[in-house]
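After this come two complexes, each holding chain A, first together with chain B and then together with chain C.
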Partner chain A sequence: MIGSLRGTVATAWHNPSGRAGIVVLGALLTFALVGPAFLPDPTRIPSLGQGAAAPSLTHWLGTDHFGRDLMARLATGARISLAIAMIAVALSLSIGTAVGLVAGSLGGGVDRVLMRLVDAALAVPRLFILLLLLAVWERIPIAALVAVIGATGWFGTSRLVRGEVLRLKNDGYIQAARALGAGRARTIFRHLLPNVAGVILVSATLSMGDVILLEAGLSYLGVGVQPPTPSWGVMVFDARNSFATAPWTLFFPGALVVITVLATSLVSDALRAAFDPRSA
Partner chain B sequence: MTSGALLEVADLVKHFPQGGGLFRSPRVVHALNGLSLTVAPKETLALVGESGSGKTTAGRALLRLLDPDAGTVRFDGVDVLAADRKTLKGLRRRMQIVFQDPYGSLDPRMTVGASVAEGIEIHRLAQGPEIRARVERLLGEVGLEPAAADKYPHQFSGGQRQRIGIARALAVDPEFVVLDEPVSALDVSVQAQVLNLLLDLQRDRGLSYLFIAHDLAVVRQMAHRIAVMYYGRIVEQGSRDDVLERPRHPYTRALLSAVPEPDPETQRVRIVLPGDPPSPTTPPPGCPFASRCYHSARDRRCDTERPELRSVGATLVACHHAETA
Partner chain C sequence: MTRWLLRRLLDTLATFLLVAVLVFVLMRIAPGDPLDRLSDDRPMAPAEQARLRALFGLDQPLGTQFLQFAGAAVRGDFGASIEYYPTRVTELVASRLGPSLLLGATVLLINLFAGVWLGVLQARRRGSRLDRWLTRLSLAGYAAPSFWLGWMLVSIFAIEWRLLPAAQMTDPMLPPNAGCLAQAADVGAHLILPALTLTIISLAATMRYQRSAMLEVLRLDFVLAARARGLSERRVIWRHAWRNALFPILTLLGLWLPVLVTGAVFVEQVFNWPGLGSLTAGAVMTRDYPVLMATALLVAAAVLLSGVLTDLAHRLLDPRSRDQ
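And now, the complex of A and B:
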């Protein structure tokens, strides 16, 4: 059994693959935060017609077909891709948690209506909803992109949280709190929320990977982050014509997407294991 | 209804809809089929019966942790089921519950001190450092160190957790406590300690208990009066000695015959009941025990007419043939 959230994270740290994931994510965040300060301007095109240069001492990861430093673009792209993922996930988790808590703890008609709406939303592919919403904008601002991704990502979380709440509701301590005269708000914030925090955390790391892929996909399709702003998806998109002659332009952004998604799923697996009392 | 009773429960009914879907109406599980009982001040009424007899539902319904479909519950003259939010909160301070499962009944993410303090905070019985002092006093009262307040539930054994659950219930100074199988999840040696603690607390604080149990050896130690429950209602009720020594209902006799006898010299016939209780979704028209009854006088009336609880000798019995042995 686990006492605190901090204890759970510590348990995840003791799991080798969990630790690897945490280290990789930490390195990526550092790269995103401090990298751009030491690297050339990622949007500057040095001189026309220079073409893509292979990795060298001046450009460690090479340049793209405009001659822009690839590492600089990757660092700035990491900022944008990771920031979009984190804010969108935070948004969808907040909505999902709130809906799940309300549906689960109120029950009855409120629960039925909310869950039928969620069912309906889950039945439509997310990419389809996103493309529909994004078709409205010619050049979508990043804030709107984050809002749209966040607003379409909470359905699964709300089901998950509701399920947990239903399971916990009949536990003795929730009943005991009611018997002591605890109001609804106290029950939700003092008892339910801390006890569903585990599944929320696992769900957060899981959807991080999803959202990074989603943003890359949308940007690749040209409806996400707009060039010349670099996101990893935009960089893959930019590489579509040059990857036969300059494979590094495709390889590095693609590899970072894969590594990030892999690392988040390692962390999420380790957290899930740490939250499962049977494995602790 | 006995005058001077602290708790009076009359004709309590609770049905749970089960299954059902968009085009199917749910079946209904009859958990309580007209339960009536009273608990006097400073008294322990034991509610016994096999699993599925509705004991736990009864305990939760009379505390309004779930809403009964019909019937009345009066606590010290106040109608519990009709109470508005404010009245109910006041009642919650006076009526408490200790749960069976020592593992699920404490919030794993709260310190023991925070769990015990919860009732004190809700009812504003103390402020600031006085809360901590009260918590430590309560922990001492149930036999735990003051330092226990800073630990988490998983650091305690089952018996210690049950003590914590008792301290949490006592924190609001209740007059009446539902003990929902408080020791059935514990080892026998630990059971005795917790039972003694409950007896001491009853004596010191003048508590009334509704003691829900299936273990008659434990009931013998705790109860002043015993009510035997079968299929959501009381089938026999009386003083502890009358029910245990002179049981009249065939179901009570079967229950008593299942208690292990420590003396191997004593020969006793173990009554093994055939079959199961009737399906909780389709109540039989007659006596609910008729399908398993082995009584020699069992007749057609048992299948058609439901026996009401009536006075036979010193106890109340719901059996058409309570007079015949």
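And now, the complex of A and C:
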């Protein structure tokens, strides 16, 4: 089954949109990893009263209203946004998968209690849950931000995984494994988990984009990444007073979010199409 | 049917109570105190702080606080806003409801018509260049941060071209004795940019659902039969196929609401639209937690109710769903 997972990724690579998405994500990761080493300090304010400078040879994407290099801020922002998204998604997928597996395979009262809680949590849009958690928090550390975003993103995944488990539970090969004397843990980890991996993968790529948008939104509202640390959301917030005279300060950070999220959606679509060709 | 509805409503009520507990717990497990901010600008005497904490009930044990909160909430009272003290939260929310509903309904309507039409178009031309580009464009809209898109539209339409107003719901320069029509036109002009922003970010979901629902139906025999009888393409698509591809769109109503409400927080903030979204965004910035709790609960109630309505519509329209 892991073999077929590799096959799916290969199929996604042969889909032009999927390949474009993968290439763009790769380029962004490289920009995030390598960029800051070659660019000026994103938080240093060169000299006061300099104002925003238009894109030029010295500052390829211009500078913001403090005279800070925009490209350097975008690169560091990419590092932060992508790292937050990847860690938070990994966290919520792990929790969601665990809860889904437990609820689906144990069933009964455990299942009912867990799903009732998930129902309640799903009724409040994720942004509102996060706002409630973060609003009274003074200077939120990034680690706490990641933990909180990750801890609020697993409800949908747990539902998805539980559904898959219920669907697969009565399949011949699971029954066969049970009949051959495989214990509950072995059935779950060796037989069920590999078969729900596809669903999890698609949901992972999809939630990557969501989390990037969410983090940008939280930072924009002042309850996410705290300035002067650059995050794409913080940069849009900073630009809202200067964009009339320096439109590039607004355009670039948002455009980078669009490119990133679009790339994750394309990859997610390609993966889904590879799993289920009928849906394309 | 009545018994089903009753059971479903009771079930929803139970979930809602759980949501209320959740909202309360979330608000209190975060470190920090809602009143900290008040002492940001100038030092505050401990006695004064204690007085304020008592005023908002923050000095009570958590259990007591929850019972007070729940008891008052049942009566429709969420306490006083901290930022707009002594205005009641309920009053504040009520005054913001109208503009939010106006914006939401406008977006829903445009979304429904444009999304359905484009989705059907895509399904009819499945795999064509048009289909692929419509998918990509709508996905790009979904990928845009709503607040950024809002500011971009402001900078183009309001600042660069000076075509449309950039903020508020009405023009303060409009004479108060202006006619009904002039006032409606004024609100309409202010509505365009926020509605456009929200539509762009939410259109992808509708198109996608309609496209795949339509593709499912177009494969079926009765569509082939309708074509074989020589019916016009338009009749086949809209009269025969589309009617049967309408169910999945119902499901979408339940999914839309969270997206729309979330988007509204940012878009209303950007355009200073006097609705619940900008109230929420403002409450975040000023840590006005009674307001935040009230809006979160209101949104949850709306989401849960829309779920009940979707199920009800399904059961009314599709007899098969009643057996489950």
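What we mean here is this: the second predicted complex is superposed on the first by the 273 of 280 C-alpha atoms of A that agree within 3 Å, B and C clash if a C-alpha of one lies under 4 Å from a C-alpha of the other, contacts with A are read in each partner's own complex, and residues count from 1 in each chain.
Quick note on the criterion: contacts are C-beta pairs under 8 Å (C-beta built on N, C-alpha and C of every residue); 3 or more make two chains touch, one makes a residue touch a chain.
In this text, all values refer to a predicted model and were calculated from it rather than measured experimentally.
In this superposed model built on chain A, chain B and chain C occupy separate space and fit side by side. In the superposed three-chain arrangement, the CA centre of chain A forms the vertex of an angle with the CA centres of chain B and chain C, and that angle is 90 degrees when rounded to a multiple of 10. By the touch criterion defined above, A:159 lies against neither chain B nor chain C after alignment on the C-alpha atoms of chain A.
After overlaying the two complexes on the shared chain, residue contacts for A:17 are found with chain C alone; chain B is out of touch. Looking at the shared chain after the overlay, A:195 reaches chain B, while chain C stays out of its contact range.
When the shared chain is aligned, chain B comes close enough to touch A:177, but chain C does not.
Look at A:251: by the touch rule set out above, it reaches chain C but stays clear of chain B. In the superposition on chain A, A:186 makes contact with chain B only, not with chain C. When both complexes are overlaid on chain A, the residue A:123 reaches chain C alone and has no touch with chain B. Between chain B and chain C, it is C that contacts the larger number of residues in chain A. Of all C-alpha pairs linking chain B and chain C after the chain A fit, the shortest spans 6 Å. Residues 17, 116-117, 119-121, 123-129, 131-138, 209, 213, 216-217, 220-223, 232-233, 236, 239-240, 243-244, 247, 250-251, 253-254, 257-262, 265-266, 269, 279 of chain A are the ones that touch chain C when the two sit in their complex.
Only residues 60, 63, 65, 88-89, 92-93, 95-97, 99-101, 104-110, 115, 118-119, 122-123, 152-155, 165, 168-169, 172 of chain B touch chain A when the two sit together in their complex. Taken together, the chain C residues at the contact with chain A in this complex read 14-16, 18-19, 22-23, 26-27, 29-34, 36, 132, 135-136, 139-140, 142-149, 151-152, 155, 159, 212, 258, 261-262, 265-266, 269, 280-281, 283-285, 287, 289, 292-293, 295-296, 299-300, 303-304. Residues 1-5, 171-173, 175-182, 186, 190-191, 194-195, 197 of chain A touch chain B in their complex.
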